[in-house]
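Here come two complexes built around chain A, the first alongside chain B, the second alongside chain C.
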Partner chain A sequence: MHFGPHLLLAALEGLVTSAVLALTALGLSLVFGVMRVVNVAHGEFFMLGAPLAWAISTAIPGHPTVGFLTALVIAPLIVGAIALVAERLVLRRLNYNPEATIVATIGMLYIIQQLALSFYGPEARPVEPPFSYRILLPWFGYSGYKLSIIAASGLLLVATWLVLTRTKIGLIMRATQYDSETAQAFGIPVDRVYAGVFALGAMLAAIAAVLIVPISQAHYLMGQDPLLLSFIVVIIGGLGSLRGTVVAAVLIGLSDGIISVFFSPTLAKIIATLLVAMVLVFRPQGLFGTAPR
Partner chain B sequence: MSEASPAKAYALHLGVIALLFALSFVLPDYHHGLLARIMVLAVFAMGYNMLFGYVGLLSLGHAMFFAAGLYGAGLSVIHLGWSLPLAFLAGIACGALLSLVIGLLALRTTGVAFMIVTMMFAQVFYLTILYFAAWTGGDQGLVVPQPARVLTFGATSLDLTNPTVRYMSALALFSVVLLITLAIVRSRHGRVLVAIRENEERTKMLGYDTFSNKLAAMIVSGTICAASGAAYALLFGYVGSSFASVQYSILPLLWVLLGGAATTLGALIGTVFMYYVIDIASGYTSAYLLIVGIALILLVLFFPKGILGTIRQRWLGWLP
Partner chain C sequence: MPRYRQSKLKNRGTAVTDKNGFFDLSRSTLSRRTALKGLAAGAGLTLAPGFVRYSQAQSSAPIKIGFQSHRTGIGAAYGRWYEKTSAAAVKAINDAGGINGRPIELVIEDDGTDPARGAEVVGKFATQHKTDIVFGTLFSHVVMGSAPAAGENKIPYFVVSEGHHVASTKLNRYVFQPGITDVKSQIQSMAPWIAANAGKKVTQIFPDFAFGYDHRDYLPPALKTQGAEVIAQIAIPPTESSFTKYFPQIPAETEVIYHVMVGPAVLTFVKELGEFYGSNRPQLFGFIDSLEATDINSPGLEFLDGSHFWEGSPRYAQADDSAAQKAYRAAVGIDDNGASVGDAKDVSTAAHMFGCWETLYVVKKAMEDAGYKGPEDRAKLVEATEALTEFAEGPEHPQGPKTFNGKIHQCFGIQNISKVEGGKLKVVHKTKIEDGLYEAEGDYTTQAL
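Right after this comes the complex of A and B.
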């Protein structure tokens, strides 16, 4: 293949990564923005989506589309319920203290990972994609399913944006994010908003995992890279900024895709992580964020 | 915290060291070996405690300092053929240098950003070890060959692979670091650190240079962790990338939380306790990470002061 088509392929792969990353990072960003909680277990909520999708799609007989679509609805709901329980049992009791919640979510990370290993096992298992149409480009054929991931992620991002900016729920969430004490004084059930946001964040991550699992396979350690990448995206995009998160996800996903095609993936990760750490040190509000109040 | 009589505190610490010395002669082989390892890892926890307990800075990247010592010492023996004392010093120097650089960068941030920045630097360090697999052995790690682990002083030679020598070397390192931390936390500098933890703005207003005090604490902490790593490489003869992974940044946090943050002996108690819990549990199940996870959550929920922290609060106010 020549350089041009090669670059196009890398860019397409990068866009798929970006699409999944944007959803995952959006969940992390919402939780941090509204609750000021750094959820280290976020990658595990992402991971949980994949084995659940495998279990659901293998349990349902018939055409793979039925199984996949069921998984796409049920798996995030289960993950959301788990997150809700974790929030009620642990985070709320810690009064959302930033340092204590980090330690607690590290604990959750280990618990979820180990339970996934015990019940699901160390194997990587595939999930059949709902359709296997290939789009033929002049230079190579490209999976139609991968393109549909980009579309699905785009739809979900627009939907989240609409909810946040155009509905009463969104208004309540933004009010809580802006000043939780004043929101509480105005009769907003801040406590319930926190629970809902934490569950929503986990569900977004789980949806991302269900979308990616037909092209990557479900494995109990698959939450580690998305966690780090989501951190990177959220930091670059500015903590709690939705637009910044999406722009940063596309930027990171594309550059990750392109750099990994042409260079060693480990080197790409080293450079990306180092650059982001430097951003956090020298420009803590992120590249697109505004200075904190 | 009530004012402690220095004699009482030093007597307690010397008593603990004497107890560990005596244990060497009565413990069965298995526990003897385990305790040697625990003492080296307790040094790691003490280094972590310097920063987390006394300055209140929660780092999620201390594995890099441990690994700096581990690789600094291990690689200079393996690749350069340096003698053991020199290699040990090389490991410590690597940790000191790394903690200086990381401190200068990471201490510009506070709170949550500090945790994430330290975690990212540690991740970079970990990936760098994997990237240079040709020298570091990557995932597999490297074994420090047994002949290289013999210390010769003229006619006498000390074989670090001998269990008793290993135990005593670990104890020596542990004792030195324990007494150093005790001296530091009782010093003027140690009190400034606690003041920074309690209220940094006020400490600044009182005229203290909080940044250089924090930087000093970071370097002391990183250097102690590196000493632990260097000792680990030389005493147990293995360097591997898993010691630089996130998990080894979390473990000292767990040990210190369990034993009691900002207590000099808490690091040892937490390490002993957690190590044995995991050791016993792994006899029944391979799911030891589950125990780590549950312990972390239970500790922050119900027992945030840890074992010694609670004892100090309830009964022994003078405990350092």
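Right after this comes the complex of A and C.
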């Protein structure tokens, strides 16, 4: 294959990775930014979206589009509810102590993963895409559905940005992020904001999983890679910065796509990790983060 | 922000948490009386009649077979079907009187499809469960990781792994593969068919670990003798979940794509290959490993129509199936489409799992030949297994006849090449045992026991 089409394919693959990564990492970044805790179970909330999407889309008869769209709405809601329960039962009782939360969410990671194995099983199961249009380029074919993931992810990111910057809920979240004690003094129910943000973070991850599941099947171990990559993105982008998360996700996704097409996937991972190290050394608050007060 | 707000739990009178809310075990009260009760109960258990019975009457005690299973990890679908098949074989053997009049008991441990865990499990079987033998698993990296533990514990380790590592004689004298042909032999026996029917310029796509390397190393020479050649080799990490980025490496002049992929992402692999090429594709020859436990009629797989697969044992019932094959399928509980009876979506790993059934019958034969009584006879069992030479087709070996080379601990059988036709796999070519024989690379029997 010639250089041009080769690069195009690499960029397309990279953009799909970026789109999914941006949503997943945004969830992690919100939790990180507002609650100042590390949610190690984030990848498992991502994973939960996929088996749920499978269950919902198989339960609903008729055209695959109906099942898929239902899954796109219902699965994140269920995952959000589970996250809410986990927040009430675990994180709140630890008083959001950062160290204890890490240990507790590691525990949650294993519990969720093993529950998925027990109730969903070890198989990788496919979910039919809502449409299966194959875009025929002169050099190779490409899945139309994959392109729609990029669009859907973009829309969701814009929506999240609008909510954060233009609504009262967003204002409350930003106030809590900026200074939770003062926010509480002004009558903001910080506890409820925390619960909401934790659920929202899990829902964003679940949406990402529902979007990706028609191209990579639902499997109970699928939460591990996204977790790692999300951490990388959040560290590079800066804690709690929406802009930083998106820029870092595109950066990591595109470099992963292009480097792994032209060289090797292992090199792509090496470079991403190296980038994290460089950011930590020269700009510890991340590309767009602000230094802690 | 309230990182260390006052803990509500602190003042609830629970003595086991310290001021940071963490557990403080020094304050828990385990009284001497409780401890003594526990001790007494433990002593009572070991003296209970049930524990004594077997040591007094060893001849009727079950033969314990430690089953190292991929219950979790990327091999979990194989693990589940390996368990089903083994349970069916054990039931059949026990119903017919067991081994030397003793029933078999399977002790199952999860290896997590992980080599380090696999080695631990073998050690656990040898020292904790005290099983008679270890019976094993599919993924070659787990087998290679576990083999040294079997050698150290001097416990026979029967695997159903398909890889060439046993026959390479690089493992040790305690490892056997008597139920499934190794990859080197499979490739050698099928290469003439590939060169004659699929094409001469072959690109290989394989997983980047031991099993894939067998394909990488043995296909090129096997094709060369048939006047065909491998023009590109693409290794893919076993945990990869997206594959389109690898496809530009496939040279345009490729006539055949030879694919063998494993793990949960196999369906994605085949689907993305379909999106990339559409109907204008090179010939495809794959190992069914790329689609084990996956419905061949899944959405996105239509483009596989007309392509060819290796199958150890055919997934779909064939017109010329033997009575033994039919009985085996019924015993394991798979229907004519190779799916679980009663759940058409639960597709089996038919191409490999027959090896579990056959291996257990080989164990039975070897134990009976050795007059096996208990772990003290393990060396005799190794020698008796090495003395086996052939297994006739029949209820004990439903996949077909096999020969066994005791020097390299490996069996050799027939292979099936199947074509995807109308949403089913139809066997179009069966190789002969002689096609897959090769010069032994070593001799395990010279190693000390």
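The definition used in the following text is that the second predicted complex is superposed on the first by the 286 of 293 C-alpha atoms of A that agree within 3 Å, B and C clash if a C-alpha of one lies under 4 Å from a C-alpha of the other, contacts with A are read in each partner's own complex, and residues count from 1 in each chain.
Just so we're on the same page, a residue touches a chain if its C-beta (ideal position, glycine included) is under 8 Å from a C-beta of that chain, and two chains touch if they have at least 3 such contacts.
This structure is a prediction, so every number in the text was calculated from the model and none was measured.
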Output check: A:P98 vs chain B and chain C. Expected answer is one of first, second, both, neither. What do you get?
both
Does the superposition put A:A81 against chain B (first), chain C (second), both, or neither?
neither
Name the contact category of A:P284: first (chain B only), second (chain C only), both, or neither.
first
Which partner does A:L117 reach: the first (chain B), the second (chain C), both, or neither?
both
I'd like to know which partner A:I106 touches here: chain B for first, chain C for second, both or neither.
first
Which holds for A:V158: it touches chain B only (first), chain C only (second), both, or neither?
neither
Tell me the contact category for A:L221 with respect to chain B and chain C: first, second, both or neither.
second
A:Y142 contacts which: chain B (first), chain C (second), both, neither?
second
After the superposition on A, what does A:L274 contact: first (chain B), second (chain C), both or neither?
first
Does any part of chain A touch chain B in one structure and chain C in the other, and if so which residues?
93-94, 98, 100, 117, 266
Chain C partner contacts - residues on chain A that touch it in the complex:
1, 5-6, 9-10, 13, 17, 36, 64, 93-98, 100, 117, 121-124, 126, 128-129, 132, 134, 136, 140-143, 179-181, 184, 190, 215-217, 219, 221-222, 225, 257, 260-261, 265-266
Any idea which chain A residues touch chain B in the complex?
38, 90, 93-94, 98-100, 102-104, 106-115, 117-118, 228, 231, 235, 264, 266-267, 269-270, 273-274, 276-278, 280-282, 284
For a test of understanding, state which residues of chain B touch chain A in their complex under the given definition.
58, 60, 105-106, 108-109, 111-113, 115-117, 120-121, 123-124, 127-128, 130-131, 250, 253, 257, 287, 289-290, 292-297, 299-301, 304
Quick one: which bits of chain C touch chain A in the complex? Just the residue numbers, please.
1-5, 7, 9, 20-22, 71-74, 76-77, 79-80, 237, 239-242, 244-248, 252, 264-268, 271-272, 275-278, 293-294, 298-300
